[in-house]
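In order of appearance the chains are A, B, C, D and E, and numbering begins at 1 in each one.
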Amino acid sequence: MFRILAAVPGEQTVRDATADELPALLTRSGARVWVDLSAPIGEAETAIVRDVFKLHPLAIEDCFERRAHPKIDEYDGYLYLITHGLSAGATADSAEPVELDAFLGANYLVTHHADASRSVAAVIEQVTRTGIPLNQGPAAVLHAILDRQVDGLEAVLDNFEERIETLEDAVFARPRNDHIASLLSMKRNILELRRWTAKQREVLLRLGRREFALITAEDTLLFRDVHDHLVRINDLLEVFRDMLTSIQEAYLSVVSNRTNDIMRFLTLFSTIMMPLTVLTGIYGMNFDHMPELRSAHGYPLVLVGMLLIAGSMLLYFRHRGWLGQPPSVDEKAADEPPAAARRSAERSRRSSARREAVRP
Amino acid sequence: MFRILAAVPGEQTVRDATADELPALLTRSGARVWVDLSAPIGEAETAIVRDVFKLHPLAIEDCFERRAHPKIDEYDGYLYLITHGLSAGATADSAEPVELDAFLGANYLVTHHADASRSVAAVIEQVTRTGIPLNQGPAAVLHAILDRQVDGLEAVLDNFEERIETLEDAVFARPRNDHIASLLSMKRNILELRRWTAKQREVLLRLGRREFALITAEDTLLFRDVHDHLVRINDLLEVFRDMLTSIQEAYLSVVSNRTNDIMRFLTLFSTIMMPLTVLTGIYGMNFDHMPELRSAHGYPLVLVGMLLIAGSMLLYFRHRGWLGQPPSVDEKAADEPPAAARRSAERSRRSSARREAVRP
Amino acid sequence: MFRILAAVPGEQTVRDATADELPALLTRSGARVWVDLSAPIGEAETAIVRDVFKLHPLAIEDCFERRAHPKIDEYDGYLYLITHGLSAGATADSAEPVELDAFLGANYLVTHHADASRSVAAVIEQVTRTGIPLNQGPAAVLHAILDRQVDGLEAVLDNFEERIETLEDAVFARPRNDHIASLLSMKRNILELRRWTAKQREVLLRLGRREFALITAEDTLLFRDVHDHLVRINDLLEVFRDMLTSIQEAYLSVVSNRTNDIMRFLTLFSTIMMPLTVLTGIYGMNFDHMPELRSAHGYPLVLVGMLLIAGSMLLYFRHRGWLGQPPSVDEKAADEPPAAARRSAERSRRSSARREAVRP
Amino acid sequence: MFRILAAVPGEQTVRDATADELPALLTRSGARVWVDLSAPIGEAETAIVRDVFKLHPLAIEDCFERRAHPKIDEYDGYLYLITHGLSAGATADSAEPVELDAFLGANYLVTHHADASRSVAAVIEQVTRTGIPLNQGPAAVLHAILDRQVDGLEAVLDNFEERIETLEDAVFARPRNDHIASLLSMKRNILELRRWTAKQREVLLRLGRREFALITAEDTLLFRDVHDHLVRINDLLEVFRDMLTSIQEAYLSVVSNRTNDIMRFLTLFSTIMMPLTVLTGIYGMNFDHMPELRSAHGYPLVLVGMLLIAGSMLLYFRHRGWLGQPPSVDEKAADEPPAAARRSAERSRRSSARREAVRP
Amino acid sequence: MFRILAAVPGEQTVRDATADELPALLTRSGARVWVDLSAPIGEAETAIVRDVFKLHPLAIEDCFERRAHPKIDEYDGYLYLITHGLSAGATADSAEPVELDAFLGANYLVTHHADASRSVAAVIEQVTRTGIPLNQGPAAVLHAILDRQVDGLEAVLDNFEERIETLEDAVFARPRNDHIASLLSMKRNILELRRWTAKQREVLLRLGRREFALITAEDTLLFRDVHDHLVRINDLLEVFRDMLTSIQEAYLSVVSNRTNDIMRFLTLFSTIMMPLTVLTGIYGMNFDHMPELRSAHGYPLVLVGMLLIAGSMLLYFRHRGWLGQPPSVDEKAADEPPAAARRSAERSRRSSARREAVRP
């Protein structure tokens, strides 16, 4: 499937063109053409790239195959680049890249995407409505698509941040194996994202530093802007990864602390009860000659003695500070409210600040 | 909102100017102009940067938007740079950057800050009072602002150091989950600070190495000084981060050690009490033929036997060294006083040494 | 053992040649020769490389010895390179490299492998059947072999991914020391693989960047393609390694959590049973004057009291939240089904996506 | 306070000079002057550097302030460098740098140190006694000072090594929270030392590679020697840091192992005692019809039965291997003597080897 | 002590020369001289290097001192290099470097070693027997020595590998504190080895890349070969270090798992025994009105009830899966035999493969 959009000088609006018009359009001075190819790729589509644009067979092969990482290659008269965006439903749990191939010539742009691409659809909509940015040249169209790809990425970063904070709270509230599994899954997704955004950043660095004669000085400023966005995204992914690692370590600390609390409770209880058991055992013995047993005050005295033993044990433990922190399953509730409130307040502030910062 | 300060040769003091005077001032030989823009940004402010200074539209757009990281871009005839400072109330728990944009021309400086900026306010106050540093040129004004930003940063570093030391003591005294949460929050703030101070350092490195024709040799020395400060700040942030990681690991060790202590106490107590329980159980059995029960000395002998068992158990444990370290919740109190004192003494010494070292 | 294949212009098919024909073939214009040497290496084989091709004695020595890492050396008129593939039966548990030595001249390729090489065998089969790629030149033959080596690597990566996911599930289900041993063994294999694939990537980087006059511009594109594959493989090995490290840390968390569960169960049970023991002990004492013992309702009242104690203890623990998570050996079963299902679904999706991505 | 030493050709010995003689000395051919400034810095001292040597105001300001890190700056006709040494009483617990500023001209050296400097004092003593190295030029004096600074560093490294080994032994003998605190403190000091020795190494690298016209080829050889020392010191600091990290991890392992031992002991004891308790409980029941109670052999048989139960439990545990490693507080004592001896022997050998290696 | 070997053209064999003959030999065309100096260094030895070879005093000083790290310095007409080997008895526990200094001139080689050097001894033996490699020039002699040094290193690597594998097995069999101590010691030795082999690799890199006019193109090939060996050794040391780190982490996991097992056993046993204790307690109470006590079937029914309680507890635990993994001290024995066998098989295979790979 293909769609051809042409901005011809003298014509009011951008219009759709047929494959047959292409050769004429390409040689016409001032005309700009954007060909968008999407699955299924048939003979017609192949003919356009091979015969009309005369692109290098290896590049065409690369383009119609699924490749794993972003790159940019310079060919004679055009650039071939692979970039990635995220699909519409991408979340912290599922952040698969959607590949976009682009051939950028002096007066044309050829894009290809096997899957539906939100970015391309949005730019086609804009071009057909306003003519912008196709009438500013093919590099401007490419920039518009890449800019939207990056916006899609940022939405997923927000989801990551939210998920990480929920996880952090959950671990402090009550650590479960499930949290570790969740953490591993997010870590892996962040690792994957970093892998290709790092390469995409390099592609945009090259687009943004006047390396290619095809890109005008004005256009490099546009691409440098996208590059700056990607740098910030990479930095944030790095921060997220560090935070996940810290949370995984915190998990162990929280579990160890809880085990410590439970052990202390058991120890406390056992050391109070065991002497009482021994005492009752003593007066349960069947010796003939046990004077206490005959005394009328023996029984109440022993009961009082038991209370004294238990009480002095408790006092001893209190002195040691053991009673200060009863074992609590919901540690969160035991948290000083100010601390918890402060943390949550800081979070919302930081989160909103980040949002402002990243989205100009 | 905007304020225009002009240092005109022949005039005694720096004076405020209006927007209408600007074009004349900029062409007047020897005159130096500083325009400070702050929110709200209206048509008047936009007109100044667009029509009077004729700054690049992309740079203006960048300037009035909130960007995430410091950078420096060279344009034709002026430099555009973004730097960050910290707000007045910044602490180790909340260290949000305050952005400052600056356009530095041969005879003018345009600054913009969306939020109130302590650094800018202080320099304005100095300029209106003494004329310095505006009469030394716009680069000197820029340096004065950047220098004050860095001073603000150092105050927060002190807060970090204090908080980290308090936390370290608290963890050794009695580890709580709250400490881990606090540690994670500080780690995140340090991560954020490092992210942008590292980029700011690069900006100042470029300002300090005669890369730009606009900056005179004398001015590069000034900026190199700020750069040296930022290098030290970055180094300290690195040290703080390493210390927090070590404290997090220490937390786990301390908790494990406490669990070990409690387990030892429980084991000690149980192994003393359980044989006594069995002994009382034996003489509580109802067999008809138990000669001991009939003996007049049976009961006292059994009591003596119980004391002997408990005593020999204690001796055995003492021999093993189990009694040496009773479980104590306040480990700090159990610390050898000299060690604790030495640590605290070293700290105060180091802290004051650092303060001297960082603040020339 | 050796085999000589020659593509001579004018002849329909590639044909086998004898050692005696070699000198003539090498000087014949347009002829391309591929000599494949394999164990055992005797006088005949040595004579070919020494006397016919006049290769450097040090390179020949290197070639017939087993070397540990891939490299490329330029000699006068030919390149000598060592690359590695994996044997047919390689798995995540056993991924030994199979070495391949190659001498690439303008019109010849000499390969040597001590062990059977799947890649070489497959290319020989293709060449004898179709003439391709020998009739495209010796560099094309080399590319075909290297490309097949990389394909073999990718099959093992799939095995690694599968094993890692099985291991992750097993650790969450029930951590065993065996898993740690398995993890260590896989980590070591990944380490080894990374060691030589990183070096092999460098070899292909050099082949792909027009560094050598022997490699035409068109051929560099081919080698760059293999290089891109190796980059992705290296990235994946890095991801696998990170995943294994995360799983090892997760193991400790899961075990700690299980210990915590068991401790909680023991504490719960002990604290319910111990007061009951003390109570029965009290009424088992033999004091003469214990009024309760004489009452007709004493016994049933004590039984009711014991039930009340146990019940209120349980209520207390429930209030604390201790009963919420009974100790379960099969944590997996206790997992919320949606989480487990989500994880497994994500996995299969990711896995298939990766497969597509890596294999163009 | 200042002291001026002058080596004048034709004069036998180096002599002290006054501030008034300085201008004449500096212009006299072949004369070499060393001015050492130390606190307090008054008008006289400032006048010397400002008016006589005409040093750059910024450099003078830097010099009299306390700066945090070593650096070297080239000015017109002289070099300005900041280096650090350690104070006389520096140990592993307290290793504060002592700053030294130096201005090196063609025929003069100006040094400044706010605190007492062992290195400077030693070189002054040598110069006044023998004339060496001042009569070899100011660079030779600088070298002599820097060389002594490095010697001071090495003495502290020895202290670190000793302390680390003591700590390692202590952790294996009996882990205490105190050890972790000690470890954190040493880690922090090593971090600090590495921070400035790394920068000092760069300063000496630049002095040692003929970068500055002021330094003759012969002098660069001297500075390269100091550089080599600093490289080795940096390497050792790196090794120390790795060792401390390993010891911190070992701490956790040792504590976990001890907890394991104690738990095993408790489990062992409990599982032997609890069945005996149940048995005595059974025969303590008050049923009318319990035939065993009437038997004359009941009591001895039950006692025998209890012994048998305890014995078979012990045999079972022995079979399982539980008895092999009794819980011991002094793990060190339980260590195989040869292992401990071997370790200690190796240590003393290594230590002495290192000493030889580092101090030529 | 010194020994002088001379290969003179026209003479059949290499012969020993005296110090007096040296000047003549050095000027004789085609003659090659090797002077080996060893402790004790007296006036005669010093005279040779100072007066005959006229080596730089600083280099001579360096040579006769003990230095810590390998390096290479170019002087006018000769190279001075320091390299390290290992002594004959070096093992994984004790791998002290033996230093070798060498001065390489156009027609001479001067070597110096304070300790006995196996490599030098072996080459002297070969030279006196066959003349080779001295008659090929001094660089060939140097290569022969360096090559033997590397061979000695590889023998120690084998010892490391063996020790690491033994340790890994021991940790899985039964973790002891001793293992951690052993691990720390090996880690430290690997750290030390890496430190100087990394520097030695750089020395050989420089010798192997035609940087020095003294080294012919043919000789660089020889040194490049040694360099390749050192690269592989460095890689292996890195792998060993990673393995030791992984084993240290595995240790903690294994200990935690064992603690978990023991806890489970204790919990199991306690929860079975405690209800029985309570039951016997109930029927041991002395209430007058306890109808069950009067019944003839009371006693047997209670015994049956106790069995039922114990049995149902066991069934419950079995249902939960607690009985599946009894606490075993020898975890190794509990390992599935195939896994253990597989591991060991893989190991021997890998080990032999490595040996082949490293030793060409």
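What we mean here is this: contacts are C-beta pairs under 8 Å (C-beta built on N, C-alpha and C of every residue); 3 or more make two chains touch, one makes a residue touch a chain.
These numbers come from a predicted model, not from an experiment.
*Asks:* Using the touch definition from the top, how many steps at minimum link chain C to chain D?
*Replies:* 2
*Asks:* Give the rotation angle, in degrees and rounded to the nearest 5, that superposes the C-alpha atoms of chain D onto those of its identical copy chain E.
*Replies:* 70
*Asks:* Report the inter-chain centroid distance for chain B and chain E in whole angstrom, where each centroid is the mean of the CA atoms.
*Replies:* 41
*Asks:* Let me have the rounded angstrom distance from the C-alpha centre of chain A over to the C-alpha centre of chain C, please.
*Replies:* About 26 Å separates the centre of chain A from that of chain C.
*Asks:* What residues in chain B touch two or more of the other chains?
*Replies:* 252, 256, 259, 263, 266, 270, 274, 277, 281, 284-286, 290
*Asks:* Chain contact graph: line, ring, star, complete or other?
*Replies:* Per interface graph, the chains form a ring.
*Asks:* Starting from chain A and heading to chain B first, what is the chain order around the ring?
*Replies:* Order of chains in the ring, chain A then chain B onward: A, B, D, E, C.
*Asks:* Note which residues of chain E are touching chain D in the complex, please.
*Replies:* Going by the criterion above, the answer is residues 58, 62, 65-69, 71, 93-94, 96, 174-178, 180-182, 184-185, 187-188, 191-192, 195, 248, 251-252, 255-256, 258-259, 262-263, 265-266, 269-270, 273-274, 276-277, 279-281, 283-286, 290, 292-296, 298-299, 302-303, 306, 327-330.
*Asks:* Using the touch rule from the top, collect the residues of chain E that touch chain C in their complex.
*Replies:* Interface residues on the chain E side: 168, 172, 221, 225, 228, 231-232, 235, 239, 242-243, 246-247, 249-250, 252-254, 256-257, 259-260, 263-264, 266-267, 270-271, 274-275, 277-278, 281-282, 284-290, 320-322, 324-325, 331, 335-336, 339, 342-343, 346, 349-350, 353, 356-358, 360.
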